[in-house]
Structure formats: C-alpha cells, structure tokens
Amino acid sequence: MKIVTLGEIMLRLSPEGNGRFVQADCFRIIPGGGEANVAVSLANYGHQSCFVSKLPEHEIGQIAVNALRRYGVDTQYIVRGGARVGLYYAETGASMRPSKVIYDRAHAAIAECDPQEFDFDEIMDGAQWFHWSGITPALSNQAALLTRLACEAAHRHHVTVSCDLNYRKKLWTSEKAISVMSPLMQYVDVCIGNEEDAQLCLGFRPDADVEGGKTDADGYHRIFEQMIRQFGFQYVVSTLRESYSATCNGWKALIFNGKEFYESKRYEINPIIDRVGGGDAFSAGLIHGLLTKKTQGEALEFAVAASALKHTIGGDFNLVSEDEVESLVKGNANGRVQR
Amino acid sequence: MKIVTLGEIMLRLSPEGNGRFVQADCFRIIPGGGEANVAVSLANYGHQSCFVSKLPEHEIGQIAVNALRRYGVDTQYIVRGGARVGLYYAETGASMRPSKVIYDRAHAAIAECDPQEFDFDEIMDGAQWFHWSGITPALSNQAALLTRLACEAAHRHHVTVSCDLNYRKKLWTSEKAISVMSPLMQYVDVCIGNEEDAQLCLGFRPDADVEGGKTDADGYHRIFEQMIRQFGFQYVVSTLRESYSATCNGWKALIFNGKEFYESKRYEINPIIDRVGGGDAFSAGLIHGLLTKKTQGEALEFAVAASALKHTIGGDFNLVSEDEVESLVKGNANGRVQR
Amino acid sequence: MKIVTLGEIMLRLSPEGNGRFVQADCFRIIPGGGEANVAVSLANYGHQSCFVSKLPEHEIGQIAVNALRRYGVDTQYIVRGGARVGLYYAETGASMRPSKVIYDRAHAAIAECDPQEFDFDEIMDGAQWFHWSGITPALSNQAALLTRLACEAAHRHHVTVSCDLNYRKKLWTSEKAISVMSPLMQYVDVCIGNEEDAQLCLGFRPDADVEGGKTDADGYHRIFEQMIRQFGFQYVVSTLRESYSATCNGWKALIFNGKEFYESKRYEINPIIDRVGGGDAFSAGLIHGLLTKKTQGEALEFAVAASALKHTIGGDFNLVSEDEVESLVKGNANGRVQR
Amino acid sequence: MKIVTLGEIMLRLSPEGNGRFVQADCFRIIPGGGEANVAVSLANYGHQSCFVSKLPEHEIGQIAVNALRRYGVDTQYIVRGGARVGLYYAETGASMRPSKVIYDRAHAAIAECDPQEFDFDEIMDGAQWFHWSGITPALSNQAALLTRLACEAAHRHHVTVSCDLNYRKKLWTSEKAISVMSPLMQYVDVCIGNEEDAQLCLGFRPDADVEGGKTDADGYHRIFEQMIRQFGFQYVVSTLRESYSATCNGWKALIFNGKEFYESKRYEINPIIDRVGGGDAFSAGLIHGLLTKKTQGEALEFAVAASALKHTIGGDFNLVSEDEVESLVKGNANGRVQR
Amino acid sequence: MKIVTLGEIMLRLSPEGNGRFVQADCFRIIPGGGEANVAVSLANYGHQSCFVSKLPEHEIGQIAVNALRRYGVDTQYIVRGGARVGLYYAETGASMRPSKVIYDRAHAAIAECDPQEFDFDEIMDGAQWFHWSGITPALSNQAALLTRLACEAAHRHHVTVSCDLNYRKKLWTSEKAISVMSPLMQYVDVCIGNEEDAQLCLGFRPDADVEGGKTDADGYHRIFEQMIRQFGFQYVVSTLRESYSATCNGWKALIFNGKEFYESKRYEINPIIDRVGGGDAFSAGLIHGLLTKKTQGEALEFAVAASALKHTIGGDFNLVSEDEVESLVKGNANGRVQR
Amino acid sequence: MKIVTLGEIMLRLSPEGNGRFVQADCFRIIPGGGEANVAVSLANYGHQSCFVSKLPEHEIGQIAVNALRRYGVDTQYIVRGGARVGLYYAETGASMRPSKVIYDRAHAAIAECDPQEFDFDEIMDGAQWFHWSGITPALSNQAALLTRLACEAAHRHHVTVSCDLNYRKKLWTSEKAISVMSPLMQYVDVCIGNEEDAQLCLGFRPDADVEGGKTDADGYHRIFEQMIRQFGFQYVVSTLRESYSATCNGWKALIFNGKEFYESKRYEINPIIDRVGGGDAFSAGLIHGLLTKKTQGEALEFAVAASALKHTIGGDFNLVSEDEVESLVKGNANGRVQR
C-alpha cells in the first residue's frame, strides 16, 4: 500500500558506544528523523513508503537519500535543493547517566523550503495513509504551511491521516504550537500522543474529575474519550514509558476507538541499545496494524512489540521484519538463538 | 594428556556489537565450531589438544589453522585440501531480540573429505580421550563415515570417548540422525545431552512415569538412569539453560554416573557477552574435570563454572585459564578488579 | 580556586569493550592515575587544578601531558625528563568475570625523580587545597620523600590537605606503608579510606567493641571517631562498594567531622561502563563539596553522585560537569533523554 | 533511460587497507560483481538501471539488495530464493605484491536458479540497452541458459546489447566458453574485450599478418576490423592496462565502429586505491557515452575517464557523478581541492 | 612570546582514509580552521599562543576548545555562547580525484558574535604578534568589524600584524572583499598571499610589464615590489604549489622585504597525507621564523619545511616540533627511521 | 629442518596508519623483534622454527607467545617468568617525514633472565642452523652470557651459525659491543652486516686502499674479503638500502663466499607499507636459501625478494609463502591481481 510521510531527515552524529561527546574522535553517521523513521519501518513491512522532504543536492544530502533508498523507501518526492542537512549530536547514556541530544537543525533545507515546490495532489494520488508529526510544522512557518497543504491534499484524496503530536519545547512555544496544530486536527483520524502533548499542542484541558486518576487505565480511558469528543479523532493512542534508568525501561501502550479501550502487554527492556526512534517505530507499527489487523487490540500489540524491538537496535531505524514482530507478539521473548 | 577432537572449524562472520546483519559494513572473523571450541579449551588447560579436520590449502583455510595454533591446539592431524571453509553468519541479540545464525557451511572441505585421508590409528595412538559431537556426522555421509572410523580406532586404542549429542535440525532429520548415531553409542563412555537430544538423535523414549516430572532433578535422575540402561554410558550429563532474554540466562548442569546423581550450583549470567560456544566450554570443562578431579561433582562444578565464564567472553573460544575457573568454583563471583 | 594534586599519570592500555588481553589486536590508550583523575575532575568543576608529576620529554610523555591539558588541567608544574611513562594493562570484565589489571609501572619517571626538581614553595603558593594518595609514596623512596616535601610545603602555606589512603599490596608491604604514611598524617586534614586501609597504611587497630558491629553505620561511626582521636583528622570519609558482579555494584559513602556522622544516599549502578577511577571521582567530588557546600552532608552527596556517574563513563577521568552531578543529587536518575 | 544488466552480485570480504588475509580480524563487506558494478554506475548517471539476478531471501541476500538500492539501482527484477550469496575474499597488494582473490561463489543462488523464474519479456519491455558479461554464462549451465533467454528477449524487444567478454579461467575452459558464447554473439552490438578474450571466449584467430604488430594501435585496428567482420558487431572496444606495480598503472582504451578507429587519452594512476571494478566502470561509461554523446570518441573518453576515477575509489562500485567524469575528461586532473 | 590569532575553529567531518562521502558510516572529527591551525603550530614552537574566537557553551563547542588546549593553545580569550560550531565536510582524494569540501559554517557563533564581547586591549596587551586571515572578515559583517577592532588594538599596542589574504569565493565577492580588506592593510606588516589573492582581496592590479613574466622568480619579484609600494607592507610572502595530482605536489615559497628577494628550496611531497592546513603551517612557520631567525631567508626555509611536513600529517594541525622542522631544513629528507 | 633463533620478542605499539604518537587514541599491538621475525619467516617456509626467549607468565607475555604460535613457530623453549614484556612505540612516517621509534625495553624478562634457565644442549639437539643478532647480547650482561652459551652449544652440536651484526647505539657503546661480540665470531659461519656494523661491533678496520671505493661493488668485494680473512666467516652478506623518502626505497644485497662475489637484482619499493623487519626478512630468506638452493646467488635472490615483499606488509613479520617469494624472484613484479 502507498503510504506517505512528511518531515525532516537529519544526520545524527554520535560517539561510539557509550562515549561522551568530549571523548569522541569520530561520530557515527546515523540518518533519522521522526517521520523518516516511520517511513523506513513501513517499507520494511512491505509498503510503498513515500517520504516527502527537501534535501540539498550535495553529497551530504545524498547520504540521507541513500539511507532511505537502502531500506526501500520511495524517495521520488524528495525535492533537492537548499544548503543544509539538519544535524543532531547525540550521546548514549548508561545507568543513571541520561542520553543527551544537541540539535543543529536550524536552517535545514526542509525548514527553508518553498511549499510550492511540492505537488501534493500527485503525492497523495493513490495513497492509503498519510502520517506526520508535530515536529514538522514546528520547524518553521514554511514547514507549517507545508504541513497544512499536505493535510488538505490528503483530505481531498480521502487518505487516512495520523499525527504524532510530539511536542518539542526547543522548537516552539505551546502558544505557537496550539495556533498551528489546532486547525489541523480536523484532518486527523488517528491521534498519537498523551494528555500532556495534547495540552501543549492542542490546548486540551482534561475535565477536573479526570485529572485525579489520570495515571491508571481508567484515567486514560476518560481522557481519551474527552479528546475524541473534542477533536473528532477516530482513534486516540498513547505509549507509556517507565524510565528506571538509561538502560532499563518499561514500555506499553493504550488505544481507544471511541467505543473500546485496550491496554497492551507490558515489556521490560534491559538493556536498551538505542531508544531514539522508539516512538516512531510505534507509530509505524500502529499504521501497519490498523491497515492489516482485524482489531485495534491486535494493531496495538503489533505496534508495542515493534517498538520494544526498536529499543534493542542501534540507530533511529527499526530494522525488523514483520515476522520478527509477530514472533514477539506471540510471546517469543526469551532470546534463544535463532538458527 | 593427549586429547583428540574431530569436527569442523568454521569462520563466524558477525557484525560489531549488537548490530544487525543489514547494518553491517564489516564482519568480525571469529573462528569456531563445536569440537574446535572444545579443543581450544583443553589446550588452555594444558593438554596436548589435537584437533582433526580438513581445511583448504588457501589462506582462508590458513586463517582457521592459525586461530587454533594461536591458542595452542595441535594442528598436525588437519588434512589440507578441498575448496571451502564453512561459514556462518551470526548477529548478537539483546533483551527480547534473539541472536540469529545463518549457515553457509554446505560443501566445506570436511564435509566433502575422503575418510581415507585420515590415519586414525596414528591419531589415537597415545590418546587419553576422544571427543566428538552429533554435528560432525550430520555434515555429510563422508563425515558420518569419518566419525565411525574415529570411534572404532578410539575403541581399538582404549581411548575414552565422549559425545555431545547436539541435534541440529538444519543439518539432518531425526530419522537420519538415529540411523547414524545409534550404532555409534556402543563406543561412547560419556554422553552429553538432554532427553530431547536423546530422543531426536537416538530414538530414546523415556518411560511414561518419567515423562511427568522430567523438569525437576528427580525427573532427570530417572531419565539418566534409563539412558544408561539403554545405551551403556558410563556418565550421562546435561546442562540446563533458563532463557530469560538474549541478555540474561540461568545456567546449571546435572551428572549421573549410574550410581550417584549430582546437580551443580546455578549461575545467573547478566549480561551475556556471547553465548555461542557455551555448551562446548562445558564439554571441555567436563573432560578436564573427569580426567583430573576426584569426584564427578567436582568435575561438573568445574564444567559449569567454565561455561558460565564463556558467556562473558566474545567469540566461540573459552579463553580462560584453569585458575580462573577454579576461582569461580570457589565462589569468587563478585567481579572485583583483579590487580 | 588553586588546587594541587601530586602523583603519577600512566597510560592504561585496554582491549576494546569486554575483550580479553589475548584477543586484543589493539589497545585503547587511556591516560589516568589516582591523583591525575582527581585533577581532571577538579578542572571540570572550574578550579585551577595543578597536577604535579614528572614525565619523559618524548612523545609518549607528551601524550600524558596533552590528555591533562585537553581537560583543562594546569600542567606547568610537571617536570619533564626520565625514561618511562608508567603503564598498566587492563581488561574489562562482565558478569562474574572480574576486570583484570597488570601493572608495568616500575621505573617510571616520577618513581625515579629527584625531589629537588620540584619547587613546592612555588607550587603551594596561593593554593587552597592539596590532595595526594597512598599510591604516590608507595612508588619509590624518592616518591615518598617527594610526598613528604609536598606535605611540609602545604603545611607552611596553610593549605588544606586530603589523603586517600588507598593501600596497594603490589606496591609495598603494610610495614613499609606504616613507616612512611604514619608520620605524614600530621599534615592531613581530610582522610579518605576505610578501616582496612587505615589498618594497612597506618597500623590503626579498632577497639575491640567496635570490631563486632563494624559493617553497619553505627560501627563505622565509632571507627571514624577513633581514627580522628588517634590521627587528628578534621574529617574521615569512606565509600562503601557492594560488588554483586563486574557489571552491577551498589555504591554509597560515609563522613564524620568529629561531631556528626552522615551516611549518603545509595546508588545501584547497572551496567557499570568503567569502574576504574570511581574512588578518585569521589575524592574530587568531596574536595569540591567541602570547598563550596554548606554542610558535610551536601559535600558527601555531591561526591557520591559524581562517583556514581563516573562508573557510567569509559576511561579513568570523570568527564561530567558540576550541573550534571547536581542534577543527579537532586534525584534525576531516570535516564530520560536530555534534549 | 531503462538499462538492463544481468549477472551475479557477490559480497567481497576484504581485510582493512593493505592487510593480508592471515592478519585480518575483520573483513570489510564490499558488495560487487561485474554487471552489478555496471548497474550502479548507470544509476549514478541518472538512468533507470535494472539489475537482474537471484538472491536468497535471508538477511545476507538482503545486504546485497540494499547495497544496490542505496545507490539507486532498480531491484524489482531480482528473484529472491536459493541458499547462498556468492562470496570472494580479496586482499589488496602494494608495490610488487599483487592483490589476491579467492573465490567462494559456487552454488550461489543465481548459479543454481531456474531460468523460468525470470520474465524477460517484462524485463526488456521499454529497455534501451542490455549489458552482460562472459562471467554470467560461465557460472553454470542454468546461468548460461538464462543469458541466452535474456539475449533473445532483448533481440525481440529491439534492445541494444553489449557484452564484456571477460574470460575467467577459474570458471570454465576455453572450449566450454566458445561453445556457449559463440552462438550468443549474433545478439551483441557492442563487444568489449581484447583479442585474447576473443580468442578464449569466441575461438577468434587473428590473421597471421595482424599477429606481428598487435601491440600498437595499428595492430589493434586490424584485429578489431577482423572481429567485426567475423561476428558482425557494431563496435569493438578494449581497454589497455599497463601494470607497473600493484600501486601504479597506465590506462587507456580503443574503439572501432567499423569505419573509424579511435585511441583515447592515457592516464597514469598512482596510487591505485582499488582496481577491482575498473573494467566495469569502463563498460558503464561506454554505454552512457554511446547513448548520450555525439561521437564514439567522446563516448570512449568518458568511459576511460570514468574508469580511471574508479581506481581511486575503494570498493567495486564507481561512485562518481557524471559531472566529475566530465571534469576529468576536460583535463582537470591536478587534484586541487574542490571547495 | 605572546602571539594572538583571531578566527573561526570548525569541526572538519571526514570519511576514513580516501573514502567518499556517500560511502561513509562515520566521520573523523578534525578540529581546524585557518587561524586555529596557525595557533596550534605556534604553541608547538613554544609560544604563548592565544586563539581568539567564540564558541557555544555546549559540549560540541567544548570539543573545539579541548582540541586547542590539548596542543597547548591558550584559550582564555575564547568567548563562550551562540548556537553553532561551524562545520565542514571534507573527503580526501587520490591520484586524479580531487579532495572535496562542503561547508556548513553559516550561522556559527563567531559569525554571529557581538564584537563588544571581546576586550582587545586586554588581548593585545603584551603581545608580540597578531595574525589573521581574509577568511575571518569574510564570515559576516560582525566578523569584519571584529577584525577591524582587533587590528586597531594591535596597532595601539605596537603589535606586529600578519595577514594571509586567502580569498574564498564561497564566502564573499571580490567587491565586498576589497571594500572590507583594503582599509585594513594599513595595519598589516606581513602580507601572505599571491598576486591573485591581492587582486581579488585588495583590487591590486599588477603593472602591464609585470603581467607577462609573472610566473618566474623575476615576475614575482616585481609584483611583490609593486605590492609593497602600494600597501606599505614590510614583507610580501607567497607559497607556490605545483599540483600534479591529489597525491603529489611540488611546494616552495618566495619572500621580499622591500630590498631583497628570496626563493626557497623546493620540496616534492609524495604521497600527500593531508594537504588541508598546509598554508596555515606555512604562516605559523613564517611568524616563528621572522621572530627568531636572523634572516628572511632562514625564516622562509623554516616556513616551507614546516608546511611540507604538514602535508604528511593527517588533520588540520601541523603536529611537528621545532626540532623536526630544523632537521628537514638541514636536509634530512630521506625518511630513515629515527630510533 | 630444525632452526633455532635466540632473542627478544617485544610488542610494538603503533598509531593507526600514518598517525603521529600525539594523535593516537589507540595503539596497534604488533609483536616483533629481530630474531622473532626471522623465526616467523622460517616457519612460513616450512621449517621447525624454534624461538628461544623468556617471557612473563601473565597475559601480556602470552600475547607474544600466541603471536609466534599463530604463525607456526615452535615455542617450547621459551622460558616463562620475569616481570616485563619489552615494548617499543613506533609511528610510521610518509614522504620526508621519517618513521620514529621510542624504546621501552629495559628490564624485559629476557634481559633480566638467568642463563641457567635454558638448556642449550637440548635446544641445539638435532638443529641445522642457529641464528642470532647483535641486539641480543646488547640487552644486558645476562643476555650476553646467554648468547655465548647458545653459541658454544651450537658449536658442540655442529650447528651452522649465522649472526646479523645489527649495531644499536641506544643499547650499548661500540667499545662494549666489540668486547662482547668479537670473541663470539669464532662460532659464526655466516656474517650479515655491512662494513659500518663490522667496525662498530667487531672493531673491523678496512684497509686503506679499500676505503676509497667502498661504495661500489668492487669496494664491497674487497671489504668482504678482508672480513673473511680476519674473522674466518664462510659467508659475508650485506643489504644495501637507498632511502629516497619514508615512502620509497631502493633495495638490493651482496654476498661473498670467499671465492665468488654476487650482487643481487635491485628493487624499487614504492610505497613502503612497513619497513620494520625488512632486514630480518632478509636474514630468514638467506638462511632458507643457503639451506635449500644450489648457489649463493640463488640464495641471495630469494633473500632480497623476500625482504622486498616484507616492505609491502604491515607489522614486523614477513607473512609471505615460499611460492610468493619465488614468483617475485622469477620477475612477476607487475602487481596484477592473482585470481
């Protein structure tokens, strides 16, 4: 199935292993970015996964294009031009030392693009699904307009739309986010994000009676109900991370389709190899699940298992096959050697 | 003491660290193979450890010979010739992601050897022990014949014989295994393998009353008794692995000499650095233990400690000294720095 | 503030990751040494941290000087000359396999120095603190004399003196240690070391009634009281390590100022990336804490948090900022990504 | 333009730098193979470059597919299945020490394919050019049949066909080669190969009077004339390598279109970074040149410059752009930094 | 002697060895920049070498500071703040393939600095020499103003000023360069640059009669005479590079002090390990030479030898000692092992 | 044939590639040493090559033992004990920058050995050849005694003795060398070394009439005649190196058997990968040649070709086969790929 994602792909520059920035004498080059990560996962699951972005014509831009092609992403809608590939520096923590990210993404080609360079009617033609995240419109006014144009075209072409709210305080204020994101919610069918994201991106205020018990399943159920009432989503979905340390996390997720509420199995991941891209692996798993599974519960279990596996893989991309995810969904978590 | 092992040595090709195959841009070259791993351990413990195999004359064959020589294995009985060194690709899992092995060992020199190239009377002359595993006869009909010739020569020269049953479904069917392995059991003094291996390799069927409780010590005791009755082994030995994840395992072992049943201390290994070769480290530790310790219990504790240490060492070979194993047997498991 | 440390800086030569010595084909070069590690931490916290030592003029000596300069240590008092840079080989254990250290530090430039090459009146001029450890006088008779000259100059210049007893049985006997160290205690204000170090370095014998309960806080309290009575320290401080394995340790510390006894928060570190230098990170954190915090308790919490973080960083040096330590003191131990 | 290539893609396993096989502890993974190398070059020049082959479904097969996708090759016609990816081990020489190649390509998926798995009418539909080399039919009888079916389909679809004779004595005898290759020459428009290849692959015998002067341009002219007369080629083309050492080569080429003979500029390449794939880079440059340039001379100059550049690039693939080749054709060979 | 340099320090990100950008999976981190390179050389020669710049407070900025400290540069005048460390990507060519540089330095902290953050009266106090290059004022209007303020302060403090014209067409037009650079020439005592740089940066037009023979020594003599006449320099100096390939260059230099013209020895460098920073190594050698040698000829020979050695060292910094340069000046170029 | 060598094996610690010491963050571990290098070559040529030395029991000593075993050297006569493995640091030059060696070999186990630990009657029993160099007796008085004992035993057992004079000014003075070496010459059959070595090690003074023309073949002829007259050697042999740069050398050799003088082919090596061990490769080639070839000329050509190849191989050991040397002797120096 043709699935469209829109966003930025950056180069992550990281010291080897658990090294600190100031110890590094080389950086691993790890291409990634929220929607690009989703695109790679979807290509892994066999879809025609089209990533829409803008990248410079020079070889550094080509590195990003090649990384996507390598894993089967359709790059035909990537516009070439502009000066910079966005970067971020990341070091990987351990135990009580957190991982650390330093962004150097301002002035990237996609942030300074002219939205007219993209023909969204051509892009959305024949597509089944369009996914974006709150990071993209946060990049710049041009990127916000770009996102709106993409949503409108998706709407015209009857494409299902999912949005990972993903509020990033380094990129914009909550006020700005609300002014940009709120009007776009009319196009969104599947909303991925917890109540805090909804508050910061959408100005959502949970009812008083919900506030009290929001950390249990019942609390989430009521919050999700209210979000659907307010924004008209078809699904509200959220992951729940329990951070014990940089090395060990608990991980599960919740979904509500307006009628039924479902809570997934919980995974304890120890050790975490790389948690960057965990949420994106979840979004991709969810999209694949909702497109191919019978129930929202099966879709959610696929998404949670896929993203749990992501934590065991270095880099932003979730390089697992559908079979590997299904095997974990079925309970094969004992790590015995596959010969 | 002169100890003979017979089998294949392959090159394991592995991505760095926990990398996936599709992320790799180079492979670590890790020589190994069931009996070769046993041979290296025995050389480490000070024996004249003779590994018998066939390897091509070219430099890739030489890589395997050199790896054995480096760790003190006597390679004088390795026949040189043939076209291929067997390979296997392996990636190392983490948490709930299992390690994965892809074999490329068909047509290896040892599998296509002419058994007449080996002079087993010379090889077994002066030897104390001969060890082989179920992998070797599974390689090909020639290799099965080779194994039989080796067993017969060992018998002629009054050499103690141990066999690690090690059923591998990728190499042969249970039917084929039974037809090849069963006739060889008359030569085997020490049988290493659990009841499942015995079933698949030897057609062993535990009595009905044993079936029920087979997972506790008592159950194993009765199964081992029945195996000795049926095949005339001097010892039956088995390891027990509890797989919690690719990173954390429990590990212990059991031995029965026809009279007494002994269950070893249990180790919890976390993190596992590399579990490939853990069983071979156990076999080598057991052989060394039975040759040098007063009781089967002491032999088994040496074997279990040796193989627990193997899990903390990268590569197939268990590069530990006798002193290091003894130190762990004595309870020094707290990991304090040895200065 | 100007802080002086005196000691040896060596090159640690280590296989990659958890590799064993005999597997290595290259060694990481990791400059370090007790007091040098303290010096780097203090430079990280913004002090004028002067490390006093002797290093050959050749490029291998320069490697050590450059490592100190890189992290902001003032190297102006390092005398250049002599033939050798001290070395130590170290491999990093995992699970029940301990890390292992092989020293090759005899005949290093500092051990064979002429104490007259150092002008301690110039060095101590304007200094606030002088730190040394029991390793330095253990290196050689010259180094012992050097330490005494430094202590005397510190005393003349009214510089606070801390000493990490740090008994090393590979370097000297307890008898020799006591004869050298005891006369130096008159200059020491802050004694870092447990009762075992005190016994071996100072000939300290805890009262009979203390012996019984020495492993609980109350026991330590009474031992510390006795040490202060006997040696006249202003503070006695000790860390407590619980070694579960080479990968997982518990870690906390105790301080007594003659009046109040304080026991720090306990950290469980899993996985340990590199525990070498953990004690030095503690000493540096304590010095910084005592110089800048209001209470001994705050100083100790800073020191324990700093050294817990050290365990998550490769190499001897504790490459953390004051802010990062403070963040952990405040309880941010969940390892969430810092964006 | 749609261009089809047919052949094997292998993994080259190589020690780092100039290391010898027996020194290696890891192998660089370098995907490559005659026609695959041509396909990558053509994708670099902007064509729809379709590589036709068979590769196992497992991850090692996927490594090869991903390498092609990374550089823009269309992999839709690659059949998945079979057991092995062909391998070759290669070490890189220096000065008077030659590079060395050890093949391990027998039983590769493409060599054991069923030609019916490929739909050449679909593959050749809309194609402008089809390129193959003498290596492909040499792999096995199935591969020879596969090549014939491809040639016939190309003929049916009026696709221009080029063939690089590329005789490999390790793969077949001259007799076998002649019996397979000769009947295929009727489909070939552009023959790449020198008179020695023509002799071994096609049974070509130059006239007596040509023999004498064959090493100068005039000699080649007459040989090429005779080859065209005998086999009906549209073009005969050959490269000329002068091997001074493993590090320094001279490099030029010759072309004859039945009327005019053209000899290219000569390049001296020093140092050679990697000469594997130099001939394939030439073939790709020639195809691109003949498709887009006005004269055979311009096409040949593009081909020679492209392949000269290949010698300065590690790996089989010629990762240069059309602009970079054109710049060298124009004479920019002084190596000044491009800022 | 206190020597001040002003400019940008960037991180060069480079593939290993001769790898191309699109092949890279990691980048070497190589700190460097015209004036920073000069500063490191001068610290190597024993001067108090103060580098003035602005760098972000975060760890990526710290990497640059630490690199300078490691090699002994005084970093006390580096202002911390701003968002970006300038970057440039560089791949290293070979033979006829040129090295390639892609800049990503816009919006670096130094380019967006507020010149008031720098106290040049304090900086120039006690300094003997101030060096800058045409790159610094080209970065931005703020950086141009910064350069002017520095020159004026140097003038007030009677500091000798050298300028490497270094025209970079990617940073500014010749018109802009002339308008900024010309007024600054009144402060410059030593002008480093050829007649082309003088044309583009200063609007210099050689007399018609000079034009003709400008490529021989006589031609340069007359051009230098004219430059001194026009701009009042004390010395005009220029290097001459003969680019045979990316691997082999000829290298010499010329100096004119208004009276005498001197042409240096010529070096042929083969292979070049890294030519980036060659010109900066020359500038540093010249400054050191003019400060410490008796004649301009000796100074020039030191500078040329120093920069020839730079070509044999990876990275921007010329990590050679004064002794090593002197040894080459004396003619020890045969590369015999120094034991 | 059983061949005995006596000497030290050290670990060479080297930065990667052409990196300088102060740039290194890891060292390659390269075991080597004059006689050890000879031993490895002889094992490569199929001899029972016994290396006699002393090495510590710890793992660093084991690294050296394993390196020898890996390449087939018989290590049974290596005594284990003592504290240190000798080290040397080496960086590899390029162009006009020389390679640089810093020794850290004092106090190595072999230098501090007790000669009584070695049973030379057992060692020389059955041996054909004994080789040593002037480095071994230079290590210490014990090592000098050890060398004498070995020579005497060789004499008793009628073993041919070769000596590479190899004067090292860092290890001893010429006076000391002459006093130790001269009395040992009575045992030497084959003397390897030029007239300068003979002067410094043996106090040799060429006749006045020889001095004049000593640099041409005729001059060498007369010097060699005089050396044989004076010391009673059977052969005098010397290599001749022309050092153009660290990257390019000329290389040939001369031999005189008392009757005939022979001058070998000359090789130009460019680039040199690693010249350390070149002389040892020559000695080994000469020993093998004299033992297996018909004439001294053939022996010398084998030795020169072997050592030319050594320059193209990283590390001290000459990892070439007899076939590879023979191929170069026959003139195959064009570096064409061996498939």
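Going by the order they are written in, the chains are A, B, C, D, E and F; count residues from 1 in each one.
Everything that follows uses one rule, which is that contacts are C-beta pairs under 8 Å (C-beta built on N, C-alpha and C of every residue); 3 or more make two chains touch, one makes a residue touch a chain.
For reference, the UniProt names are A, B, C, D, E, F = Carbohydrate kinase, PfkB family.
The model shown is predicted, which means the values in this text are computed figures rather than measured ones.
Using the contact threshold fixed earlier, the set of chains in contact with both chain D and chain F is B, E.
The chain with its C-alpha centre at the largest distance from the centre of chain B is E.
Both chain A and chain E derive from one sequence, and where they touch, over half of the residue numbers involved are common to the two copies.
Taking the mean Cα position of each chain as its centre, C sits at the greatest distance from chain D.
Each chain gets one centre point, the mean of its Cα atoms, and the points for chain B and chain F are 42 Å apart. Each of the following residues of chain D touches two or more other chains: 17, 20, 22, 25, 66, 71, 100, 271.
Contact between chains, using the touch rule, shows up for A-B, A-C, A-D, A-E, B-C, B-D, B-F, C-E, C-F, D-E, D-F, E-F.
Contacts from chain D toward chain A in the complex involve residues 66-67, 69-72.
Of all residues in chain F, those touching chain D in their complex are 17, 71, 267, 269-273, 308-309, 311-315, 319-320, 324, 328, 332-339. Remark: chain F residues 17-20, 22-23, 93-101, 103, 168, 170, 243-248, 271, 275-276 touch chain E in the complex. Interface residues of chain B, counted against chain D in their complex, comprise 13, 20-22, 24-29, 58-60, 62-63, 66, 83-84, 87, 89, 91, 100, 102, 104, 106-107.
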